[in-house]
Amino acid sequence: MMALVRKDLRLELRTRETIVAMVLFAIVMLAILQFGFGTRDDDLTRFVGGLMWVTLAFTAVLGVGRSYVAEREQRVLDGLLVSPVPRTVMLGAKAIAIFLYMTAVEVVVIPLVGIFFVKGPYWDAIGWIAIAAVLANTCIALSGTLFSGLALFTRARDLIFPVLFLPALVPVVIAGAGATHAVAGGPHDMSEWRGYCLFLLAYAILFSLVCVATYDAVFDD
Amino acid sequence: MVTARGLVHAYGERRAVDGVDLGLVPGERVALAGPNGAGKSTLLRLLATLLRAQSGSLEVLGEQIPGGTRAARAGIGYLAHDPLVYLDLTARQNLELYGDLYGIADRDARIAELLDRVGLPGRAEDTVRTFSRGMAQRLALARMLLHRPRLLLLDEPHASLDARGAALLDDELGRAAADGRAAIIVTHEVERVARVADRLVVLRAGRVVLDEPTAGLDPMSVRRRYEEAAE
Amino acid sequence: MTPSSTTDGPARIPGQRAAVIWGTIATILVVASTIGVFLIAPEDADQGIIQRIFYFHVAIAIASLVAFAVACVAGILYLRTRSERWDDVGEASIRIGLLFSVLVVITGSIWAKASWGTWWVWSDPRLVTYLIVVLVYAAYFVLRSSAEDDRKMRYSAIYAIAGFASVPLSFYSVRVAESFVHPVVFTSSGANMPGTMLWWFVMSQVAMIALFIALLEVDLLGRRSERALRRLAMRLESA
């Protein structure tokens, strides 16, 4: 599995296509959202969860949608499929790569959002948000791998993928925004934060079961 | 090495492979020919476990498919139209990836040996994007042979290999027979393959219409036999 | 259910009788529960006549969940057996379930208008959840229409399984959010219903599930006939 992850990271390091685009996209998105409903309201702290997670959700759509781009454009997939690697391992490796990409984006986005919108002890809030983000990334990676695999050989896949992926992301956005909101406004509401994090954990567990049950069938023509 | 009975694969209502029986014993090299759309590539993909048959039974390298698919894959070497390598990785990185996927113990030594054989030792650290078509296909040859497969499945190998690659492949096929490995070579150029094949199988509209040994036949008679069957 | 009936000319299509029987049962139950709900069940003291929409709203909601559960199971069975039959069951169930979910959103919206004075309330977990559910299953048909043959069936089966996992997740995400915004505990509506109301509720629930089964049988019958027809046409062509 690590060989496949290493391959994805090597490709990314050489081409620098995905992560750079994701980070730029996230920053632009944040700015647009901020202007979209920010100008009349000086205090955007209560929207911080929404701003951040809507941005991250769309960034995930952008990044995850590209996760098989090398395999598809350079037509390498058959080479992987004909090897004795279980499909579950292949998709698991892809999920790890997506997790790492999302983390890379968040390393930039979360502190940035924090500077502008977070009240109270900065690093404290960032830390709690980061924990929620790790859980959310797991959810995004698991469901994203599944749906991008499904969309891979469809017509109009660039449209199909967000249509499949975004509804499944709604719960993640709700919980991520909630957890962020709970700790961003000064005094932390830790029980609220915990509730959302537990929900994200439940999402990750449920989707990992779905993935284990279905990954084998995604590429089995 | 391969036992197929009544193999069927349909795309919707159209049966690309329509009840194929095929057997292959160790050391045998089969040329698989037929007009365009006869189902050659589909049959090869079925044997390579890249497609699933809708009916019929298939045994590859002693493993029932599906069921023993993973074990069978470990012994299959598949050469497609596309080289199946990443353009933005170096030749060595590609081979390292495949070496790990197949769990090869002596990976680095094996890679060095194969790069040498396909004549790419000087280009090991260059990305495949900088390669010519023929070089990429020679790398594909190295990729296919890396894990010492016992069954070679080749999809029109001569169409994309350069002269050097083709000579290497013919040499490999010659050795395969002696080692008890088997090969199926999908081809348009029957007379070209006739030199290295022991048997000619002709497909038409998804069915086997000719299956006979080519021993003792010169390339032109093989060509004639093919044309009679394919008409 | 013998295969010969599909190949030997004008014989019955299998499942015809089941469709007729379930159709009859569903019709009787739906008519009976409609009469019961509007004429017999007692009027709610607070909400008046509009409360009667509750019987259909909740019953259809639960029936749609049953439909999605059936589709999920059909998906698992399809991946196991690769039999077209399970793909048919899965697609038909989701089609009906999606129709039901849209009805849930519409009836919920009417109810919201009547009791809260507005068509849509973003803080009502039931409405929002069903909106997500509608989106999830609408995507099923987008996926289906853009893939082919074997892939279409396989992808549909996988998506039906994943979709069914995201239903409870949507439910809970909305409720987790809700519980922090309004610290009100939602009691289940069944708990404090008077006896006759409960009885008619159960009745309409059974009616809706029977309706689902009847629609499913009819849909499957349609598919089987179509397939038999196509096979016949192909035979005529080749003859």
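A, B and C are the chain letters, set down in written order, and residue numbers restart from 1 in every chain.
We adopt the following convention: a contact is a pair of C-beta atoms (placed from the backbone, for glycine too) under 8 Å apart; a residue touches a chain by one contact, two chains touch by 3 or more.
Note that this is a predicted model, so its numbers are computed, not measured.
Innermost chain of the displayed assembly, by C-alpha centre distance to the whole-protein C-alpha centre, is A. Of all chain pairs, the one linked by the largest number of contacting C-beta pairs is A-C.
Rounded to a whole number, the gap between the C-alpha centres of subunit A and subunit B is 40 angstrom. Between the CA-based centres of subunit A and subunit C the separation comes to 31 Å, rounded to the whole angstrom.
Taking the mean of the C-alpha atoms as each chain's centre, subunit B and subunit C sit 49 Å apart.
Residue positions of subunit C touching 2 or more other chains: 150. Counting only residues that touch two or more partner chains, subunit B has 52. In subunit A, the residues touching two or more other chains are 220-221. Put simply, subunit C touches subunit A in their complex at residues 76, 79, 132, 135-136, 139, 142-143, 146-147, 150-151, 154-155, 157-159, 161-162, 165-166, 168-170, 172-174, 176-177, 179-180.
Only residues 10-13, 52, 54 of subunit B touch subunit C when the two sit together in their complex.
Those residues of subunit A that touch subunit B in the shared complex are 3-4, 6-7, 10-11, 14-15, 70, 74-76, 78-86, 220-221.
Residues of subunit B touching subunit A in their complex: 48-52, 70-71, 73-74, 76, 78, 80, 82, 84-89, 93, 96-98, 100-103, 127, 143. In the complex of the two chains, the subunit A residues touching subunit C come out as 143, 146-147, 150-151, 153-157, 160, 163-164, 166-168, 170-172, 174-175, 178, 182, 189, 192, 195-196, 199, 202-203, 206-207, 209-210, 213-214, 217-218, 220-221.
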